[in-house]
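Shared between the two complexes below is chain A, which has chain B as its partner in the first and chain C in the second.
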Partner chain A sequence: MDLLKRIFVKVGVLPFLLVALIALFSLAEHRFMSMSNLLNVGRQTTYLAIVTAGQMLTILCAGFDLSVGFSVALTSIVTSMVMVSVADPTTAMLLGILAGIGTATLVGLANGITIAVFRVSPFVVTLGMLSVAHGLALLISSGVPIFNMPEQLNTILGLGRVWGIPVPVLVALAIVALIWLLLSRTRVGRYFYALGGNREAARLSGIAVRKYTALAYVLCGTLTGITGVMLTARVASGEPNLGANLPLESIAAAVIGGVSLRGGEGSIIGAIFGAILIVTMRNGMDLMNISSYLQMVVMGCLLIFAVVMDQFRLSMKGR
Partner chain B sequence: MTKYKFGSRALVVMLAAAALLVAGSLAMAKEAGQWWPVKINAYYGKYDVKVKKPGRPCASLDGPKVEAWIPPKRANKPYTIGVSFPHLKDPYWLAVNYGIVSEAKRLGVGIKLVAAGGYTELAKQVNQVENLAQQGVDGIILGSISYTGLDPVVKEITAKGTPVVEVINDIQAPTITGKAMVSFYDMGFHAGEFVMDDAKGKKDVKVVFLPGPAGSGWAPDTLDGFKEAIKKFPGKVNILAVKWGDTGKAVQLKLIENALQTFPKIDYLIGNAVAADAAVGPVAEQGRKDVKIVSTYIIPPLYDKIKKGQVAAAPSDLTVTQGQMAVDMMVRILNGEKPGKDFPFRAGPIIPTITKKTIDKYPYDMLFGPRSFRPQFKVAPGK
Partner chain C sequence: MSELLLKAENITKTFPGVKALDNVSFDLRPGEVHVLFGENGAGKSTLTKVLAGSYLPDEGQIYLRGKKMAFKNPYDARSRGVSAVYQEFSLVPKLTVVENLFLGRELTKHGLLDKEAMLRQARESLEDLGFDLNPMAKVGGLKRAERQMVEITKAFQEKMSVLILDEPTASLSDKEVIRLFELIVRLKGEGVGIIYISHRIDELKKVGDRISVLRDGRNVATLDMAEANEEKLISLMTGRDYEEIFPVINTTPGKVVLEVQNLSTVTGLHDISFKVREGEILGIAGLVGAGKSRVGRALYGLEKITGGTVIMEGYAVEEPTPIGSLKLGVMYFPADRHKEGLVLCRSVRENQTMAALPLFEKRGLIDLKREESTVRGIVKKMNVRPGRIHKAINNLSGGNQQKVMLSRGLTREVKLFIFDEASCGIDVGAKREVYLFLKEQAEKGAAVIFISSELTEVLHLSHNIVVMHAGAMAKTMPGKGASEEDVLSACFGYDYQNICNNGDGSQDNGSVVNSIEG
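Now for the complex of A and B:
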């Protein structure tokens, strides 16, 4: 009991939830634990996981990024526009991917500069940017999906496998490892925590607060761009409405994973497990054939429950 | 002689008995909810996507051939069919839901239905379709969010031998197994035909058109179909304005109010069903007796408005029937029949135009299902 309590105080309610859910789903539906479903869940998680990694960086700096949703759509449109306009498939893919990730990084840079330099609330800036990105995606594409993409995009980045592991999972793992290194082993990572925890103290101790705040949004933009490219590969077409639910889902995943919305606290591993939890819940409930209406209710309750438990944990820690 | 007499009497009795039996069985079948035969446009042959334009049937298919749709007699096994919808939050998809559920129950097959939550939720729909496949369903009926975005997942699933039948929305998917749908180009064409017929004898007709969302998979098609239909009009059809907008009532209302302000004389206000529904109020309020409202498709709120004559006409794509036909197609495929050969690869009911004069032939239940129907996500397979 004491051990459980210590685990709870240290890492929060998430591990308990995940274990309980996996037990529940495997009892209710034997297909849940099948290898093909586990790979399926793995692949479905990657997209949310990569965005959540980016989202987590902005939350660490006491902000968040709502623009990730249609930034993914804009990336998808730019990537596919470039790809269909170049004849050679390999060149087309390289240029398309670079253009897509570059676009999302620029969106992140615009967010970062506006928030850090002009000190405008991240809510307003990224909400505005959400609209700008969606408008641009619709303008460029006239609202119509772009198809006839190079075959390889889907067969490699969407469905491909290396050593039996889906390529998207490998990409996500690499990104998580890099962000983990950045946050726990580099000065930049420490600065993110510091300026999220107490901006004024960070400034007084000589951290270039503006620069690092902006950097968090730029990195978030880049990761969003990677997600956009990966999702485009998954659906094998440029879609002007892709990723609309990602902003709220990625914030939810990070918060469920113990990242504090006040900034300065949380770990990448927790955030990723938050994403895994959300996708696993959906998959398990789909497999159990729970009504799509009820699923929405359950997901909402889960988010609130996780945050309440987190408050409870903080008060236990304080004692 | 006697023998002959006896024979003829026996024949008469037998004939009468047979007639009674047929009449009786027809009446009985009606009671059991017989909705067929339905006249359909059928397309046979091989589906080759390279000769296909969005919104129009594939050029590699033979058709349309007008024929009667007859459902399969039974399902050889109690199959379980997965169903994926873009969403289930308006009466349109509710009617499809009713068609699928009622036909599944009739044939004794099971249904597992998921809804993605809206037309922006492509990524979620892909996940949901994968999850359905994981459950080992026998086949999947798909109402796709995007024309191309689900092609890879359809390819993956059909490669494993699970058939996928598209319903309502069109899809490119080169490996799709069958399609139950009508084209919205035809819907616009029918609306155009109504206007031509109604305006017979006029030299100059003024029209404002509100298709719906720009860049959606259906709204531009209605406009194209309408324009094609009015080409045959002997007088001049003057399209004063085309106003695009999302199918929210507030958005459409604003567009209509502005159009009524801008144009002092409009003969026909034509548009998506939400626009037609929203137009009734302002047109009456401003006493615009010149304006006739025509919709490009029908939704429940329009039903009573057509009855009262507030809306002049609306073609119906018979969504309930499309849902029923999708289940029939899937059961036929699972029974071992070949789409494109044993039954149409693509089929959709022939579109009727609902007006005040014809509406009594189309009871509410036939168009939308019973008013008491509630969304249903699950049907257990029969024995």
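Now for the complex of A and C:
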């Protein structure tokens, strides 16, 4: 009992949930533990994992980013629009990818500057930006999906494999490794933790608090852009409604993974496991034929539960 | 004496890393004033919070009139007649005085707020207490002393049998203090027991019946007030003599490091001029609100400067910012280490190097090995305990946290240290280590600005003393040979000696032994 308590205080509710879910799903549905399904879970996790990595950076800085959802949609539209307007497939892909990631990075920059320099609450800024991004995506695309993109996009970035490993998984692994390096080995990472944990103390220690806060949102934007491009490649079309679940799922993943909403605490590994948990949950529920409407209810409850457990953990720590 | 009003037996209360109360017993008789005396961090406030229901003790029992009690929260305690007035205010700034006074127990008529009745009652209470306050004023706009009055009024409105007063006179004027003492006498007559925390020995002698001295979370003695004298109380409080605590600092001040000319700020500082030299410790003393902290903050770039010049090593600093100040070799340590100093959820290591990370970089990455060995060296040197550098810093005691914060000064080159209340809220042992740190830095040739409310330390450590009063410099004097009276006279802006000799309730500024403001 004491050991379980220690695990809870140290890493949060995640290990318990994960074990419980895997047990539940493997008992309820034999297909769950099959190799093809597990691979499927791995592939699905990549998209959420990359957004969660970005989301986590903003949460470390005591904020969060709601705009990740339709920022993905906007990226998807921009990428596909650029790609269909250029004739040469290789050039089209390169330009499209750059334009998409660039757009999402700009969204992040706008978020970051408004939050860090004008000190508006992340909630208001990113909620507003969510609407802006969605509006723009619908406006540019007139609300209809964009097809006829270079085929290689889907075959390489969407379904391709290198050394037998799906490309999206490789991209996600590389990103996670980079973020891990950033957080544990660089000044930038330390500053994120410091300013998220105590903004004033960070400022008095000579940390350029505004600059680094903005940087967290910019990086989150870039990672969201990468996700947007990869999702576009996966579905082989520009979708103006892509990624609507991402804000909730990425915040839930990070928080369940032990990233504190108060800022300054959490690890990338925890956040990624949070993402794995959420995808596992969705996958298991799909297999059990639980309706997607009910799934939404479950996901919402999960987020609230995660935050409640986070509070609970804090009070246990204090004691 | 008749039966005990309140009795606490073997109370123990532990916070992460600190035993705030260690087996403390305490009792209170009806109609007496029982004083709690001790250094900052000795456990006085924790004890009162346990008695008033804010904290649950880990061990021990509380009896009210012989009946065992376990207060669930402050409201529970209050409803049973135990009221407390704390230093930190429990008022809502956006509400008016009346709204605050009736918060949580509003008067109603037909289910609606009875504003008239509340206003009338508030006026009566304020008048009764002799506080000249507008009940319709927003609390946020009141001065510190006025907020204190509201706080006291709030406690007095309730029917009570035990009243806890934590430094009630800290920001009251003479007249208001006299009034407060009259009220205390009145309450005593009604059989109310009063627990009174203060550092001012003269004041304690006037109001106290008994006194308990706390040190490091233990009750080291309970005496009748008549048996207590200053010398005895101080040795009980610190556990040693002054001379043991304060190191001798051997430096000869060298060339000027910082020169300030006619500095003024948005926050009301004006005409501040002084110089600090290499190896010199400049003490800055003053009462709450006199501006001593603001001097340090302005120099480091935390308050907007509106006039005057700041010259650091011959270089005129236009507009100081923390980043710029650090580059020039100025390091500031804030008074509130939790709010502005430390990132509590992060490790000792990260807290220690956060102001000097670029110095630990190699090809864009932090050289973790070198960082770790530096941190380990400093932790050992500063005697930080426990020395586990990966542990979150909120597990450390106040004194050790303070040492970690100060040791940031060892991670990069510093030419001017600004300490704001460097020894606040830490035990005597840690205090001595802080002083030794100061001594070492000064002897190495750093200039030091030492801002403090603890008069004794300013007197013992400073080469020169600046006394602040109402945002300006009231007096500058050499540290050697300066007496408490000299500094206090300047602090209060009038001749302290004279006031003291007038005796009889006409002064509130009794001999400030340990601290001016607590």
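Keep in mind that, in the parts below, the second predicted complex is superposed on the first by the 311 of 319 C-alpha atoms of A that agree within 3 Å, B and C clash if a C-alpha of one lies under 4 Å from a C-alpha of the other, contacts with A are read in each partner's own complex, and residues count from 1 in each chain.
Criterion: a contact is a pair of C-beta atoms (placed from the backbone, for glycine too) under 8 Å apart; a residue touches a chain by one contact, two chains touch by 3 or more.
Note that the structure is a prediction, hence the values are computed from the model and not measured.
Under the clash rule set out above, the superposition-derived model of chain A with chain B and chain C shows the two partners fitting side by side. Touch criterion met: A:200 reaches chain C, while chain B stays clear of it. Within the superposed three-chain model, A:138 lies in touch with chain B and out of touch with chain C [touch as defined at top]. Legend: residue contacts after superposition of the two complexes on their common chain; A:265 is shown touching chain C, with no touch to chain B. After overlaying the two complexes on the shared chain, residue contacts for A:11 are found with neither chain B nor chain C. When chain A is checked against chain B and against chain C, the one touching more of its residues turns out to be B.
After overlaying the two complexes on the shared chain, residue contacts for A:185 are found with chain C alone; chain B is out of touch. Once you line the two complexes up on chain A, you'll see the smallest CA to CA distance from chain B to chain C is 37 Å. Touched by chain B in one complex and by chain C in the other is not one residue of chain A. The touching residues of chain C, counted against chain A in their complex, run 16, 300, 302, 322-323, 325-327, 332, 334, 339-346, 350, 354-355, 357-358, 361, 364-366, 368, 408. Those residues of chain A lying in contact with chain B across their complex are 29, 31, 34, 36-37, 40, 44, 47, 138, 141-145, 147, 154, 158-159, 231, 234-237, 239-245, 279, 282-283, 286-287, 289, 291-293, 296. Touching chain A in their complex are the following residues of chain B: 88, 112-124, 126-128, 130-132, 134-136, 146-152, 156, 172, 213-216, 375, 377-378. Residues 181, 185-187, 190-191, 193-194, 197-198, 200-208, 260, 262, 264-265, 317-319 of chain A are the ones that touch chain C when the two sit in their complex.
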